[in-house]
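Two complexes follow with chain A in common, the first pairing it with chain B and the second with chain C.
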Partner chain A sequence: MPKPEFIYVTYIETTPEKLWHALTDGNFTERYWFGARLRSDWKVGSSFEMVRSDGTVSDAGKVVECEPPRRLAYTFVNQSDRYRNEFPALATFVLEPYGKLVKLTLTHEGFAEGSKFFEGISKGWPAILSSLKSILETGQPLEIPYAALKLDS
Partner chain B sequence: MNTDQFKPATVYTIYIASTPEKVWEALTSAEFSRKYFFGNAVEVDLKIGGAYIVRTPDGALHISGEVIECDPPKKLTMTFNVNWPELIEKLGPTLVTYEIEPAGDAVRLTMTEAHDRPLSDDILTGGRQGWPAILSSLKSLAGDRRSAGDQDAAAAADAGGVAEDGDQDAVTPGNRLRVSGDDESPATNCRACHET
Partner chain C sequence: MTFDLEPHGSIVKLTVKHDNLAEGGKTFLGISEGWPMVIASLKSILETGRPLPSDLKSSSQKEPARA
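Coming up: the complex of A and B.
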């Protein structure tokens, strides 16, 4: 059996620089990423954290690659008990300009077979990246209730 | 048609700031589909057993199939066979399902491409490259809470003048992801990615 791997591609009318900013600036991610602020100095080997509005850390890992505005990679795993036996998996973002568009490819890999965290991210990424596309193209993120992801089903 | 033996090979989910009715229309209307489906037109007889056809801009048959399940504005399933004999030979019949669900103020659209036989990743590459481009474009077109009239008004404002329907270069929200034909993006050429 192949190891679980999640791949998502979307095309966004923006520039690689604006998309890079949207992926790495905590003030900006808070607006479209279910309220999560990403926190890192984005140096390879540095810590990477997702911070909730109350200041607690929901997910943590390390920066693996950072080549603005083309490639960004970091590991993370959710810190809740639900995923306590899981290891950080690697999320890699590749940004490629095509005319007025940028093709964004996310590959999230390195999960163990049967990973619950893999199921979670598979439902979370389409919502987060759809909201990212909306905010960059229209100025408005999507209002998707967390419950709508049906993470427990 | 018995679809029990079909297994999902590619699933793509996208959230759109729209209503289920508007997304349904985008998926089933010839005029709407031309704006996001590489210029191709969807022609569908919305009843079980009805014909599902996608025509290229010059009118040629691109995809042909038959409606298997039709529950507007929630679910549409059809056979979806690309009219390239060499590809059909490898793929066998293709089953495509669109599911539309409300998700807060947005709509979740899930596309599932299923096949009745195991297929290698390289044969599935065409669809895996095509769907994100098509559905990203659909999102930009249908994903606006404003009415169509408001979109035209906004487009005219954005363009600094009047945006008429005949002007394909107008920067309307609906035309956002229309890229010119000489661009080398895989998003512009469905046929190219199916042949790789």
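Coming up: the complex of A and C.
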């Protein structure tokens, strides 16, 4: 059985610089990422955290690559009991400009077979990245009910 | 080809499944490039009233990435 890997490709009418900002600025991520602020100094080897509105850390890992505005990679794993014993998997974002568009490719890999966290991110990323595209193109994020992710099913 | 539409309040979750394709075949490789573009443009036209600019076409031709 192949190891699980998540790949998502989308096209956004924006610039690589704006997309980079949207992916790395905590004040901005809070608006479209189910309220999560990303926290890091974005230096390779530094910590990477997703911070909830109450200040607690939901996910944590490390920055692996940072080449603005083209390539960003970090590891993370959710800190809840549900995913204990799971290792941080590697998420890599590649930004490729084509005229007025940017092609965004996210590859999330390094999961163990049968990983529950893989199931979780497979439901979470499409919602987050869809909202990201909306906020960059319309100025408004999507209002996706958390329940729509069906994380418990 | 299966399109599944699931309403959630003011949004719709669209799930597109294209199966029964030979692994690594030309059709699979083609649609893997094609669907993300079509679906990204579909989302834009529904949300902004405009499809994505035609710059989209150049991306499948692997033109120099620097804009």
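Throughout what follows, the second predicted complex is superposed on the first by the 153 of 153 C-alpha atoms of A that agree within 3 Å, B and C clash if a C-alpha of one lies under 4 Å from a C-alpha of the other, contacts with A are read in each partner's own complex, and residues count from 1 in each chain.
One rule holds for everything that comes next: a residue touches a chain if its C-beta (ideal position, glycine included) is under 8 Å from a C-beta of that chain, and two chains touch if they have at least 3 such contacts.
What you see is a predicted model, and the numbers here were worked out from it, not measured in a lab.
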| item | value |
| --- | --- |
| Touching partner for A:Glu17 - first (chain B), second (chain C), both, neither | neither |
| Touching partner for A:Glu5 - first (chain B), second (chain C), both, neither | neither |
| Partner chain in contact with A:Glu143 - chain B first, chain C second, else both or neither | both |
| Contacts of A:Asp25 with chain B and chain C, given as first, second, both or neither | neither |
| Which superposed partner A:Tyr98 touches (first chain B, second chain C, both, neither) | both |
| Residues of chain A that lie at the interface with chain B and also at the interface with chain C | 9-13, 98-101, 103, 126, 130, 133-134, 137-138, 142-145, 148 |
| Partner chain B, residues of chain A touching it in the complex | 7-13, 98-101, 103, 126-127, 130-131, 133-134, 137-138, 140, 142-145, 148-149 |
| Touching residues on chain C, where the partner in the complex is chain A | 6, 8-11, 13, 36-37, 39-41, 43-44, 47-48, 52-53, 55-56, 58-59, 63, 65-67 |
| Residues on chain B engaged by chain A in the complex (per definition of touch) | 12-17, 102-106, 108, 128-129, 132-133, 136-137, 139-140, 143-144, 173, 176-177, 179-180, 183-187 |
| Interface residues, chain A side, partner chain C - complex | 9-13, 96-101, 103, 126, 130, 133-134, 137-138, 142-145, 147-148 |
